[in-house]
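By letter and in written order, the chains are A, B, C, D, E and F; residue numbering begins at 1 in each of them.
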Amino acid sequence: MSDKNFDLITFGEIMLRLSPPASERLVRGEIFEKQAGGAELNVASGVSLLGLRTGIISKLPDHEMGTYIKNRIRFVGVSDDYLIYDSEPGARLGLYYYENGAAPRKPSIVYDRVGASINRISLDEIPEEVYHNTRMFHTSGISLALSENCRAVAIQLIKNFKAGGALISFDVNYRANLWDEDTARETIQQILPYVDVLFISEESSRRMFRKTGDLSDIMKSYCAEYGVSIVATTQRTVISPKKHNFSSTIYDSRTDRFYTEPPYEAIDVVDRVGSGDAYVAGVLFGLLKYEDVEKALQFGDATSSVKNTIPGDLPSSDFKEIQRIIRSHLADGPQSELNR
Amino acid sequence: MSDKNFDLITFGEIMLRLSPPASERLVRGEIFEKQAGGAELNVASGVSLLGLRTGIISKLPDHEMGTYIKNRIRFVGVSDDYLIYDSEPGARLGLYYYENGAAPRKPSIVYDRVGASINRISLDEIPEEVYHNTRMFHTSGISLALSENCRAVAIQLIKNFKAGGALISFDVNYRANLWDEDTARETIQQILPYVDVLFISEESSRRMFRKTGDLSDIMKSYCAEYGVSIVATTQRTVISPKKHNFSSTIYDSRTDRFYTEPPYEAIDVVDRVGSGDAYVAGVLFGLLKYEDVEKALQFGDATSSVKNTIPGDLPSSDFKEIQRIIRSHLADGPQSELNR
Amino acid sequence: MSDKNFDLITFGEIMLRLSPPASERLVRGEIFEKQAGGAELNVASGVSLLGLRTGIISKLPDHEMGTYIKNRIRFVGVSDDYLIYDSEPGARLGLYYYENGAAPRKPSIVYDRVGASINRISLDEIPEEVYHNTRMFHTSGISLALSENCRAVAIQLIKNFKAGGALISFDVNYRANLWDEDTARETIQQILPYVDVLFISEESSRRMFRKTGDLSDIMKSYCAEYGVSIVATTQRTVISPKKHNFSSTIYDSRTDRFYTEPPYEAIDVVDRVGSGDAYVAGVLFGLLKYEDVEKALQFGDATSSVKNTIPGDLPSSDFKEIQRIIRSHLADGPQSELNR
Amino acid sequence: MSDKNFDLITFGEIMLRLSPPASERLVRGEIFEKQAGGAELNVASGVSLLGLRTGIISKLPDHEMGTYIKNRIRFVGVSDDYLIYDSEPGARLGLYYYENGAAPRKPSIVYDRVGASINRISLDEIPEEVYHNTRMFHTSGISLALSENCRAVAIQLIKNFKAGGALISFDVNYRANLWDEDTARETIQQILPYVDVLFISEESSRRMFRKTGDLSDIMKSYCAEYGVSIVATTQRTVISPKKHNFSSTIYDSRTDRFYTEPPYEAIDVVDRVGSGDAYVAGVLFGLLKYEDVEKALQFGDATSSVKNTIPGDLPSSDFKEIQRIIRSHLADGPQSELNR
Amino acid sequence: MSDKNFDLITFGEIMLRLSPPASERLVRGEIFEKQAGGAELNVASGVSLLGLRTGIISKLPDHEMGTYIKNRIRFVGVSDDYLIYDSEPGARLGLYYYENGAAPRKPSIVYDRVGASINRISLDEIPEEVYHNTRMFHTSGISLALSENCRAVAIQLIKNFKAGGALISFDVNYRANLWDEDTARETIQQILPYVDVLFISEESSRRMFRKTGDLSDIMKSYCAEYGVSIVATTQRTVISPKKHNFSSTIYDSRTDRFYTEPPYEAIDVVDRVGSGDAYVAGVLFGLLKYEDVEKALQFGDATSSVKNTIPGDLPSSDFKEIQRIIRSHLADGPQSELNR
Amino acid sequence: MSDKNFDLITFGEIMLRLSPPASERLVRGEIFEKQAGGAELNVASGVSLLGLRTGIISKLPDHEMGTYIKNRIRFVGVSDDYLIYDSEPGARLGLYYYENGAAPRKPSIVYDRVGASINRISLDEIPEEVYHNTRMFHTSGISLALSENCRAVAIQLIKNFKAGGALISFDVNYRANLWDEDTARETIQQILPYVDVLFISEESSRRMFRKTGDLSDIMKSYCAEYGVSIVATTQRTVISPKKHNFSSTIYDSRTDRFYTEPPYEAIDVVDRVGSGDAYVAGVLFGLLKYEDVEKALQFGDATSSVKNTIPGDLPSSDFKEIQRIIRSHLADGPQSELNR
C-alpha cells in the first residue's frame, strides 16, 4: 500500500439526474427517479466499490439538494472530504433529465446545468494537502468544457497533482452540446503533456484530433506526440437501445503492446449512462491495484458491461461481482445459471 | 391553412383502461395503471400531438370518471368541445382490463363495455356546426359494432360530415367479440361509398370481404367498387410479445400508385395496444399536412412503430420525435446512440 | 363445535374496488389500488379471520377478474365452495370507485354495478346441501335492492336457510342510490319474521321504518313486532374524515337486556369503508363463538373501530389482535406503546 | 356571456415542482413527484376547473420539459394559446424542491429558478389580439420580482390589458427571497392605479406598505389612494403543518361593504402550496361568474380550504365539488359522511 | 374422482422471499417485493391452480409473518389444514433474498434459513388422518437436506403416505449449499424404493449418482434399480438471464416408453425461480388428472415455460391459460396475437 | 477540537428493518420498505449528521445484505472503519418487521435476530488502536442482552475505552423480550461504575432497579452510588400512535443541577422507532460539542421530537434543521409557516 491517503482523486461536476421510471416519458408521467451522477463521480465510485480509497473535488449548493448529493457520494464509498459548499445567492445543483430508449426510439437527455455551483469553484477553496495525498488524479473533457473558470481550475489541478507526484488520467469524453471540436482540441492539447493515462474514442481521434490511419497507429500517436503512457479506446456496438456489445483496446507505450479480448455480447442494457465512466473506473482500478494492463482491460470491460445493467449513472458492483463476471467471460463450457 | 377550426374530428367510445404494472397479472396484484383509450381517441390524439387541431365526439358519464377522461383528452391535445355528458341513472364509463404478454404467454384483454354511456348518444346532442367545421372526419368499425344506436349515429355522422365537405376516413378494425363477419361486411358496405381513406387489414379483406387474389388487387378493388381514394394496409410480424416488425402499403387510386418502404425491425414492444390507431394517425397527418402519400406512409409507419414503445393506448410523440425516427429509419451508416 | 361445516354463510355481491392512493383523486392520477369488497364478503371475512369457518354465495364473471376476486376471497379465509361463475356474454364484475376525504372534503363513491353477474344468479345454481351446512346465514338490504332477481333469490335463501335450521342475520344497510325508502321498508318487513339478529341504524329506524320515541323503545319494537331476538345499532361520530368515535348498543330480547360500553375515541380513520360490516362480523363472531351478547358487543366495537385503520373494504385483524384491542380499551392506567 | 374568448388571462412563470413522496425528505429517498405549478397558473387553472375559459402567457423551454408543462396546463383546462417557446441555448425550466412538514418540522422549499426561460420573454412575442380577448387579466408580485425584464413586461401587460378593456387583478404575494420590501413597495405602487381587484395580506400591508391601524382601515386605504375596487385579505391559522384554519375578508369599495364568514376549521393539510392562489381563483370566479362579492368570498374560502387537501400546486376541484363544500360549510345539523 | 379429500399433499419449508424490484440491487434501493415461496409449496399451488385439491404440511412461526404466509398459501388455492404453528421462543420464518440478473450479470440468491421453524416440526404434530386422505404425496431433496430432524420427518412421511396408499413423488432438486453429494446420494437411495414418480436432472444423475452412458439409459436405470415408475428430466438452455429454451423427457417404465416434444423457445424470463417446481406441478397434474404421460409432459413443459414469465416463486396460471399455451405450442400457421 | 480521530464510537447490532408502507399490514401487502437500523447505529448517525465524526463497531454477514448495511451506514455519515465481516457458514443479518399503528391499533414489532453475525464478534477482531481514537464510547443494554458473547464483548469494550481515555455513555434501553429484569439489573450494575453519561427511563429505574421516591432522587442516586456524572430521563406522552408529546430531564451531578424545558407538543408521529436513540444522539452531541448540559437537553429534545416525523430508524436532520427547530420551540409570537 502507498502512504498516501487516497488512491484516486477526481474533479468534476456532480449532477442530479431525473428519469421517468421504466418506459415512461419526460413529457408525461408523475414520477421522477432521483439519482446522483457525473462523469468523474462515476469513475471515483467505480474504483471505490472495487476496494480502493477515492475522493472527489467538487462544489455543491449549500442546501438540501447539496446534502442529498453528499449522502449519495458517501453511499458509494467516495470520500466527501473535498466537497466545497456554495452558499452564495443563486447557488444551484446542475441537473439533467434522462429518458430510456426502446427501438426505434433512442434514449434522450436534456441538460440543465448552466450556472451550477461547480462553475464558481476557486483553487483557493481546495486544500493544498490534497495534491500530495493521492496516487492518481482523474478528470474529463467535460470539466474543461463547462465554463471558463472550470477549465482554468481543471488545468491548474492537473498541473498541481502532477507536481505533487500523482499520475494523471484523462478521459476526452467529448460533448458537442458543451463546446465545439476546435476549442476542445486546442484545450486538450495543452494538457496532454501532463497525461499518463488517456481515454479517447476512435471517433474523437478522427474527428476532433483529425487523426487518420488505422486505430493502432492513432493510439500510438498520442504516446509519441505527448508522452502519454497508456491509451484506451472502447468499441460499443448498439444492436438496439436495450442490447449492446462491448469491447476495448489498450495500448501500453512502455512495453509497446496492445491488449484486447473478445467482446461482451448481447449485454442487457437497462441504463447505458455511465458505462463509459465505469470502463475508466475498471481500467484505473486494474492499473492502481495490479499495475497490470491485461487486468486493467479485463476490469474495464467487465465493469463497463455490467454497468449497463444497473439503473442510474453510478455503478454498484464490488470486487467479488466483477471477478465472477470476468471469470464467467473467460470460461468455456456450461456454467451455473445463478449465483446461489 | 384551412378556415375550418379543426383538421380532424373523430367519433367513438372512450374507455378507462386498467392494467397491472410490468409483468404483474390480472388475477393477482394490488395495483392497476389507470389510462384512457379508445380507437378514435387514439387517432385524434396522434394527429394532435403531431401539430394539427383535432376534436372528438363522444359521450361520457357525468361523474368523476368522466371528468378524468376529459382531463386526459385535453392532456393529449384533443379538444373537449364535442364531449357530451350523461347524467341519467346507470351512466357508466366502459372499461377494459389489459395484461401484457411474455413468451409463451400472449397479452390478454377483458372488455367490460356493455351499457357504456356512448351507447346512449343521440344526434340531437351534437351541435350541427361541427359538420362544417373540420377538414376530415374519422371513425372505425368498432363504433358501428357497439350497439344499434351507436351504429345509426355513426352512419349518420359519416353522411353529415360528407355533406358538410369533410373527407371521410374509416378504419375497419374488425373485432370478433363485438359482431360477426357477415353483419360487419353488410354494414360496412353501406358506408364505403362515402369513404375517402380506408384502412383495412389483409385478413379482413380475405375473411370478412371474401376477397381473393394478391394484396394489390384487393386494395385496388375498394377503389373500383366503392370509389375510395386511398387504401392502406399494415403488415405486422410478431416475433414475440415483446418484439415486432412493422410495415405498410398504401394505394392511391388517384395516381394508381402503391407506396411502401422497408419494415421497422425488432421494435421493442412495451405496449402494443393503440399502435394500429397510431398508424392511422400518422397517415392522416401526412395526408392533411402535406397531401403527400409517401409522407403519409412514412409518418404512419413511424408513429405506429414508436407507439409500441409507449405505455398505454395513447401516443406521446410529437413532430420532432417522429421526424428524428423517420430520418433514422431512412439513414445509412452509423448513427449517434442518444438524443443528447 | 357444531357438526355443520360452516359457522356462517353469507350471500351478496362482490365488487372490484378502485381507489387512488393516499390523497390522490379520481379525476387525475395514474394509479388505482385494486381491492375486493362487498358488504356480505366483508362480514364473512371478518368472522373468518377471527377463527370461524365461513363461506359466501355469489356469482362472478368467468374471466380473469372473477378469478382475482376468488383468490382474494380465499386470502381472507372465506371458502369459495359456493361461488358460481357466469360465462354468458356480458358477464361482468360490478365495481366502484372510492376516493378518500380530507376536511373539508368528504370521501366520494361512484358505483358502476349495473348489470353485474350477481344479478343473473339463480336458485338452481346453489347446491341444496348448503342450507343444512351452516349455523348461521347473513345477508343485507343491499342484496334485496340490487335487482328484482337478486331480491327474489335473497328472500328465498333466507327462507331455505331458516328451514335448514340456521340462524338468520340481517343488516338493513340502506342505500338511497339503490332503492327508495318505501320499497325498502315493504321488502324488509316481509323478511323480518325470519330474522334472529338484526342490524339497523337509528336513522333507518326513524326515517325508513318511521319509528319514533327513544332508541331503546325502537330497538325493542322489532322484537315485539317481528320476533327478532337481537337488535344492534351503532353510533358513529364523525369528527373529521380522518377522526371518528364509535360505539354501539345491543338489545337481547331473550333476557330483555341492553348492552353498551364507552366509545372508542379518536379513531385514526385510514379507510372507513367496511367498518360497518366489520361491526356485524364482530357481533356475529361473539354470538357464534361465545353465545354471549356482552362479548358480541366488545368484539363488534373493536373490529369496527380497528377496521377504520385498515386500507380496503376487507378487515385484516385476527383473534389475537382484537383481543389486545379489547383488553386495551377496557384497561385503566398506563399501557405499553408498542406490541413488541 | 361576453363576446371575448377568455374570461381570464394570467401572466407568470410556470415551474417544475419536485417533491419527495409523503414524509420522505429532500436529503434522501429515490423518488420525486413531478408536478407543474406557479402562482398565476394555479389561479388560471382554478378558475378554469370551475367552468370559465382561461389562458396563460408564459415562456417555456422548447424541449421535452416544456412540452410536459404544456400538457399539464391543458390537463387542468387552461389554454396553451399564449405559451411561447424558448429554443435559444440555455433555455431552461425553473424548478423548485418542496418537502412536506410534520410538527415540529416545517415544510421546506428550495428554489432553482434563476435564468429560467420566462425571464427572456419579450412583448413582441405576445400577439396583440390577446389584449382585447379577455374580461380580466391577473398577475402577481412574483412576476414583478423575477427579473428586470420580467418586471417590465408584466407592467406593460397590465397597461395593455387595461387599455384593452380588461379588469386587472393583482396579488401582492410578497417573497422575501426574490426582492426586498422597499423595491417591492415602490414597484407595486406604480401599478396599483391600474388594479381593480387587489389581494394583499395583512402582514404585507403592515410591513411592506407600512400601514397601521385596524385591518378594515388598511383595506379601505388602497381604494382611497389608488382607486382599487375590491381588496381581499386572507387569515390563515397554522395549528400544525397538517392542520390549519382559514377565512378571509373582502372589501368592496363600490358599496363600501365588508364581507366575511366563519372560518373553515381543522382543515386536513395535505399540501399547502397553492392554497393562496386557489383563494384568488375562487374569488375571481365569483366575481366573473356572478359579479357578487359574497359569492366570491364563499368560493374563495372554499377553493382555498379544499386546495390544502390536494397534492401539488394545482387545484382539482370542479364546480360541483366546491358547491358541495360551500353548502356543507353553511349547513347546520348532521350531514352525510360520504358523497355516495 | 377419488373419495380422498386431497389429490396432492406436499411437505416442505415455506419461506419469505425478498427481491428488489425490476433491475434494482440487493446492495442498494429502498424497496423489497414481499413474496412467499418454497419448492413444495410451488408444486402444490401449481397443481391447485390447475384445478385439483392440494394441501401442504409445514411449520410456521406463530406471529404475523406466519399469518402472512398462510394467507398467501390460501390465495393460490392450497389448503392450510396441515400447517403447524411454532410459538416457542426463536420461532422464525426462513427467508431468502433474490436479485434478477441481466447479461452479463447472473441472478443472485442469498439464503437466510438457518433455524427456521420448519426444522422443529415433529411427526406427532401431524394428524394421522392425512396419510389416508390423499392420492399422492410429494417432497424434494431440499426437505431431506435442511436439518437432521427435517430429514427424519420427511423420510417417515414418505413411508407413512406410501403405507396409506398414496403415490410418492420426489424431486431430487440438489442444492450444493445445503448438503454434499455423497450425503445426498446415500440419503436419497434410502427413499428411492418408495418413489413412484422421480424428477432428477441429468447433472444430478451424472455427478451425484455417478451415472454414465446416454440419458435414456440413465433414466431407465432408476426404474430397474429402485422400482420407480416414471422418471422425468428437464432440459433448460440459458441464452441469457432473460431468454431461455425449455423442454423435457419423461420415461414411463410401465410401458417402456419415452415422451418428449419440441422445446419452448425464446421464453421471456421475468423470474426464473420456481419454474422447475412448476414443471413438477404440470407433470403431476397430468398424471393425476388424466393418467396420461403425454399430457403430463405437455402440462409440465407449458407450466414451466410460462412460470418464467411470472414474478415470484409461485405460479399463477389456471387450466384455461395452460390449455391455450399448449394449443399454441402445438399449432402450425399464423395465430392471433392477443387473447381478446 | 480533539486530536482523536473520532468524537464518538458506538458498539451494537445493526439490523435490516422491513416495514409495510403507510397503513399496510405485515399479514398482507406486497411491498416492504427496506431500511437499516439499530440502537447504537441510530445514535452514531444522529451525532454524525449534526457534524461530529463517528464510527460503529459491529459485525455483518459478508454477503450482499452486509454490503447494503455498510452502504446505508456511510450514507448517514458514520465511518465503516470498524465493521467486521462474517464469512462463516450461517452468517446472517438480524432483522425485524415493523408495522405502524393507528388508533386503536398499536404499532407492532416482530424480531428475527437470533443467530445474527453480531453474536459471533470477538475482541480479537477489533483493532486495538480504536480505544485511544475517540472522545466517547456509547453502547446500550441491548448489546448486553443479545447473547453471552455479545455481553462479554460489550463489557470489555467499556473497560477498554474507559482505559483509553474515552467518556462512557450507556443507555439502559430495557427490552423484556431479550432478557429478564433481574439479569439486566445485575449485569448493568457491573458496568455502571464505568459510566459517565447514563440514559434510563423512570420505569426502568422503578421496576428493574427497584428505585422508589420522586424522580429527582432516583436520578441523583445513580451518581451517588456509581459515580455517574450525568443522568438523563425522557418523558413521552402517547396521545395516539400518531401524536405524542415529549420532554426530558437531565441531572448533572458535577454541578448538582437539573435541566428541563417545556415539552414539544402534538408531535406528528410518522415513525416512532429510533426517537429514543435520537434523543441520546442529541444529548451526546450537545455534551461533545459544547460541554453544556442545557444545550445537550435542547438538542436531545429537538432531535428526538423531529425523529418521530422521519420514516425509518435513522435520523436525517442536520445541524441547521435542529437549530431551526430549537429556535422555533423557544420562540414566542407568530412564526413563518414555511422554511422558504
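Just so we're on the same page, a contact is a pair of C-beta atoms (placed from the backbone, for glycine too) under 8 Å apart; a residue touches a chain by one contact, two chains touch by 3 or more.
Note that this is a predicted model, so its numbers are computed, not measured.
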For chain C and chain E, chains touching each = A, B, D, F
Go through the assembly and pull out the chains touching chain B as well as chain C.
-> A, D, E, F
Average the CA atoms of each chain to get its centre, and name the chain whose centre is farthest from that of chain A.
-> C
Centre distance in Å when chain C and chain D are each reduced to the mean of their C-alpha atoms | 45
Inter-chain centre distance, chain A versus chain F - centres from mean C-alpha coordinates, in Å = 39
For chain A, which residues are shared contacts with two or more other chains?
-> 22, 25, 27-30, 67, 71, 75, 108, 318
Across the complex, what residues on chain D touch chain B?
-> 67, 71-72, 74-77, 318
In their complex, what parts of chain E are in touch with chain B?
-> 22, 75, 264, 266-268, 270-271, 302, 305-306, 309-311, 316, 318, 321, 324-325, 328-329, 336-340
Chain B touches which residues of chain C in the complex?
-> 18, 25-35, 63-65, 67-68, 71, 90, 92-93, 97, 99, 108, 110, 112, 114-115
Okay, in this complex, where on chain A does chain B touch?
-> 22-25, 27-28, 101-109, 175-177, 236, 238, 240-242, 272
Write out the stretch or stretches of chain D touching chain E in their complex.
-> 29-30
